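What follows is subunit A paired twice: with subunit B in the first complex and subunit C in the second.
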Partner chain A sequence: MTVDTVQIAALAPLLLISGAGCLALLLDTFKRARGPALWLAQLGCLAAFALVASQWMRATSSQPIWAGMWVVDRMALFLDGVLIGTAFLTLLVAAPFMREHDFAHGEHHALVLFATAGMMTVVHATHLLSLLIGIETMSLAAYLLVASWRRQPAGAEGALKYLLLGAFAAGFLVYGTALVYGTTGGEMSYAGIAARAGQAADNPLFIVGVYFLLTGMLFKIAAVPFHMWAPDAYEAAPTPVTGLMAAGIKVAAVGGLVRLLGTAFANPGLALGHAGWVRVLGGVAFVTMTWGNLAALRQDNVKRMLAYSSIAHAGYLLIGLVALGQRVDGAQPALLVYLAAYAFTTLGVFAVVAWVGRRDDERVLVHEWAGMARTRPAVALVMTVLLLSLAGVPPTGGFFGKFYVFRAAMQSPDLAWLVVAAVLNSLASVYYYLRIVVAMYFSESVRSWQPFRSAGIAIVLVVTVVVVLALGLVPRPVVELAAGGLITGW
Partner chain B sequence: MTDLRLTVLVPLLGAILVMLAPRGERTSRPIGIVAALVSLGQSLLILRDFDKSIGAFQMEVDQPWVASLGIHLHLGVDGISLWLVLLTTLMVFLTLLSPQAMGLHQTRSRGFIAAMLVLEAGMLGSFLAIDLFAFYVFWELMLIPMYFIIGIWGGERRLYAAIKFVIFTLAGSLLMLAAILYLYAQVHAVTGQWTFDYATWASITLPRGPELLCFLAFTLAFMIKVPLVPLHTWLPDAHVEAPTGGSVILAAVLLKFGAYGFLRFALPFFPLAAQQTAPIIAWLAVAGIIFGALMAWVQDDVKKLVAYSSVSHLGFVVLGILVLSQKGIQGGIFQMLAHGISTGGLFLAVGILYDRRHTRQLSDFGGLWKPMPVFGACFLVLVLASAGLPGLCGFVGEFLVLSGTFTAGKDWQASGLAAPMFGHPALLAGLAAFAVILAAVYLLTMFQRVMFGPLDKPENRDPKLRDLGLRERLVFGVLVLAALVMGMAPQPILDRTAASVQALTANYRDRLAEARANPIGPARRSGQRPRRPASAQPGTARPF
Partner chain C sequence: MPTYAYILVSLALFFVGTAGVLLRRNVLIVLMSVELQFAAGTLALLTFSRALGDQKGHVFAFFVMALAAAEAAVGLAIVVSVFRTRRTASLDEVNALKG
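Right, the complex of A and B next:
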């Protein structure tokens, strides 16, 4: 395998992000000032975004490199853009948050970039090994980030739970990879697996391998019944990191699943019984969204509520994946648009949660938000728009994403019941999202309200609310971008 | 020629301007009133330009929104929506003009005015949209401002009322969304293109089973909105807790969307299912007419009384529509407008009473005519209009609905199709007519207990008990004038609805005949399988 300039150019955004991460780490070692590492990390994100944009212009067809380990196509670049944006906004929130809560770790910024590099690897991977490397890079950085807030009493517990269950997920992925490798006659690239899947389909070990791989990925997107870690880890993590996990990791894992299911396991002959993974994922989608929403109804802690809400969103996303498996028109762009809308909405919501808390007073219980609309009307309005987007109420991006995904699923009569279930689920979700709105607007404040001032968080709020409203009001450009890079000819 | 996009845009721009204005109502209220006045002017221009001989949509604007998904901002007005648009702009303008709109919470007026204007944009958009996606977006746009209006400016139990309002309304509209998505996929399967265009959707005939399910989903949303018994329980709560302005808009415009939805969507999209279920819905409507009247009779809270009378009056609208005849539907539309004026006015009057006396219990009032004669006279006209006194607006609609119901069987025989099985249309008409008498009883009793009788309670003699102020006189003057004109000269209104209703019923009959002849619909005839999308390929795993 030779390394030439074409390959370097294809990998440039990834190299830039990881390089900026390493430099930030070095800077922090030699110089204790917090500023430069942050600026470097942010600069790295902006430069990587520009590179991704320039690659987009050239990527009219998919470009495989390194013997099918890695691909540069428009789907990956679209998700790269979302992921780099996620990292950039996370850094903007993290700096003031760490200053307020007084836990400065220079390696924080580096870890955010390393996690992002892992996420980008996941969406570019066309080989089970590169998928595994991406997932582990992303997860290891995330474990550290969750545990980094030592003052938080639940921090160690949440981080440990995340680490242990995450290790299980990694085990599933590795074992699944091994079984698929063994039963397809030594294939680990997606194209190779797809070619051999027809012959291997009768082999029970192959089927087990497929489901092990799915299980590992479902852990990462926090689908029921593999969701136990999510509420604890979300609660324990520093709030900006929670935002990164809820937005970035979910985007990356779903992106990875789209490619894995859309290419490697797309063979219609690949079936368990007569239904295959499509049927199983349909059931998981239903259970995930329903359980997530019902559990969120009972939460008083905003971070845990949002954790369950992100589980419910994993359920909606799985409907899109099932539709992809049914080979309907437009499932893939629908998932991409949904992911973009979801990522920006989630980042904005967690930015508000980060902004609300003060040192030693995280202020995450719903009733502690009472009266926010009186003192901070603009932030309350932004939060309301973002929550409505999570709930899927027009004219927000969350509504359009849901509409787009449901449109795809509705084309298959077999999935109509899932769409109806999802629509009824959003009704339940409206109830708990509105609890926050009720506290902010309809209740009188019981305690004084003095959130900290931060330009970074203000920028994040403006950016996310503008993106969310733009996705709802003028979705056409994003729809066209997302439709640009179909991985299969469906 | 007026641009309908501007009609929707003006209130939204007004809302943005209001939010940018400094806090307090000194600048925000004038901005809001001007925006509402401009909207009113625009709807008058639409009325001027409207050609009453055309039954189809007029002044259409069709702007692509997300063309690849068939989403357009497609607006148009016809005889059914024309007067409802005018009613909307008029009532929002009067509400913003009225000093009592916010109830006793005279705070955060800027937010209230902005919410009202967003609500107005949502209402106008829903009436004008003839693209189902745009319609749904506007429909949901009405929900959130109303939620805030009840929740922030409402009474004691406002939280409960606000959340109940949202959950009920959203339950209906989400089921409708599921049906819209299903139809969207079906239209694609039959025509081969992704479109939300109203005319295309209205030309598709569905297989019977899905047609009935989709009809039920749409109907549930509309029945909750109207509301029909037994889905009405959110309404008394919402009305009682909402501030005066919220109640006025809720009664005058929002509830109309239920009936409007039947006319615009449920009947043209699902003719056969509508035909089959019309008797059930008609009986529910009559049950609501009588139940609402009886409930209104026993209330001691004036606002609750008016709220239940609203349930009763809107039953007439649904009954008129569901007998599926020209006369009935025109009567239903007229009744919607009359109800908007009279009940909207009654809620404003209740707001005045509450503002002056801080109570709504009938037993606390008495003899108020003496200190407030001008108010008394206006209140009397509105009460009589609501009770259906000939010469006032309420009479025309109720009469047309009743006579349309009475002759429903003949109308259908004349058109060559068997009537929907109402059992005995005369019985329905008779029961509904009985409720007209009840309405006179409870409304006049209420008026007597509030305005007449001995002036024996010291609070009612307070010299500070003011009669109507200038702005209030203006508001009530317009409403009383509207009630009189509509009652004395209903013909201009009926003329402008006639062509569209005729087109609607004619189209409905054709589609019904076609559906009866081909129960599966044109999809099968054209060789495509209606139940599977065209893109589903053989060999696909077929789970679920």
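Right, the complex of A and C next:
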């Protein structure tokens, strides 16, 4: 393998993001310059976004680089765009949030960028080594971000639970990699594993390895029964970080799973019993969405409710992955549309939650939101639109995400039951999303309402609500982006 | 020793580590159990690498070592931070977040 300019150029967005992160860290350490560190981080995001867009225009075929460790294709670049957008919006919310809650750490901005670099690595990875490095870069930065809010007494506790279970998941990833490597005769690249998987399929160690890898990834998307960390970490984290975790980490982990399951384990000879991991994942999808919604029904804390809602969304996303495993055309672009709609909706929702809380008064209980529509009608309206998108009500992006994923799943007769269960689940979820809306519009305010002013949060709210509504009213351009410019069978 | 013996040892290590994470309540012991899982993965990687005459397993093992060190550094920082507020390293007593 030779390192040439083509390979460096392919990595340019990643290098920009991590380079901006390093510079922001240095600025904070040596100059105590927090404002410039933030601008630098945001500038890095914008430049990386522009680079990703130009790469998307040129990436007509998938380009493997670094000896098959990394691939540049339109799926990865689409997700890169979503991830960089997530990081940019997170930084916009984080700056006023940190000012209000008095915990200025310059390393916060650097860690957001490092986490983003990890997420981008995950969606580009075509090798178990690059997958592990990406997952861990993203997770280590996220543990620290969760712990960064020292005023929140539970902050360190949430981070501790997240770290212990995250490290546990990493152990499964490492051991699963070792078993797959040994039983496929020394293969670690997805293409190599796919080529040898047929011969190894009956080896019990190989089967254990596949399920260990799946377990490690399911921890990251917070699928039941590997979701225990999510509500605690989401509640304890500073709210902008919760948004980054709910949107970015989920997008990255699902993107990594799409690639892993769609290439390495896509071989139909990889039986593992009838239909193999496809059947297991179908069961996990059902349990995840049902458990997530049932648990969300009895939450009074908005952040915890949204944590369980994100678990339920992991379940819907798993249906798309199962459809991908059944080789349904259009499952992959459907998942990408879902991820984009979900990421922007979630970011907007958490921006509202961040905006509502004041110093030492986080105001995260549903009844504390009472009467918000009277004093702040615009924000109440934005929150309502975003919650309807999470529930999957038209005309929002959340509706089309669900619609495309469920339509893809319907093409496989084995999955009809899952789609029926998912639609029933979506109906049940409307109840707890509407609880917040009802509190905002139809309850009397119990306390005087004094949210803080912030241009950054206002921008995020406008951007997310416009993206969500645009996706719901004219989904076609995003669908074309997700499908890589080619629409077949849509 | 034949290859399978090393793999059996690594499997045993992995399950000791898993059991430690699930059963022990002291944060430090849990972190040590996670390290045991990484060690098991490293041993299996090295065994396969030797048996197959392939270098990728060796390289991967180096990355796992770096990863374990990073995980321990971040982990201990967070444990210290918890200990400062709670004066305990027991997972049973770290229970402010519920539901």
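In the analysis below, the second predicted complex is superposed on the first by the 483 of 490 C-alpha atoms of A that agree within 3 Å, B and C clash if a C-alpha of one lies under 4 Å from a C-alpha of the other, contacts with A are read in each partner's own complex, and residues count from 1 in each chain.
Going forward, a contact is a pair of C-beta atoms (placed from the backbone, for glycine too) under 8 Å apart; a residue touches a chain by one contact, two chains touch by 3 or more.
What you see is a predicted model; the values in this text were computed from it and never measured.
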item	value
Subunit B versus subunit C as contact partner of A:Phe442, first or second or both or neither	first
Subunit B versus subunit C as contact partner of A:Arg99, first or second or both or neither	neither
Subunit B versus subunit C as contact partner of A:Val430, first or second or both or neither	first
First, second, both or neither for A:Glu235, with subunit B first and subunit C second	second
Contacts of A:Glu480 with subunit B and subunit C, given as first, second, both or neither	first
Subunit B versus subunit C as contact partner of A:Arg363, first or second or both or neither	neither
First (subunit B), second (subunit C), both or neither touched by A:Glu136	second
Partner chain in contact with A:Arg327 - subunit B first, subunit C second, else both or neither	first
Touch list for subunit C against partner subunit A, complex	7, 10, 14, 17-18, 21, 27, 30-31, 34, 37-38, 40-42, 44-45, 47-49, 51-52, 54, 56-57, 59-60, 63-64, 67, 70-71, 74-75, 77-79, 81-82, 84-86, 94, 96-97, 99
Complex interface listing, subunit A residues touching subunit B	268, 271, 274-276, 278-279, 282, 325-329, 377, 388, 393-395, 399, 403-404, 406-407, 410-417, 419-420, 423-424, 426-427, 430-431, 434, 438, 441-442, 475-476, 479-480, 483
Of all residues in subunit A, those that touch subunit C in their complex	128-129, 132-133, 136, 140, 143-144, 147, 150, 153-154, 156-161, 163-164, 167-168, 170-172, 174-175, 177-179, 181-182, 185-186, 188, 205, 231-232, 235-236, 298-299, 301, 304
Subunit B residues touching subunit A - in the complex, by the definition given at the top	65-69, 111, 133, 136-137, 140-141, 143-144, 147-148, 151-152, 158-159, 162-163, 166-167, 170-171, 174-175, 177-178, 181-182, 184-185, 188-189, 531-533, 535-537, 539-544
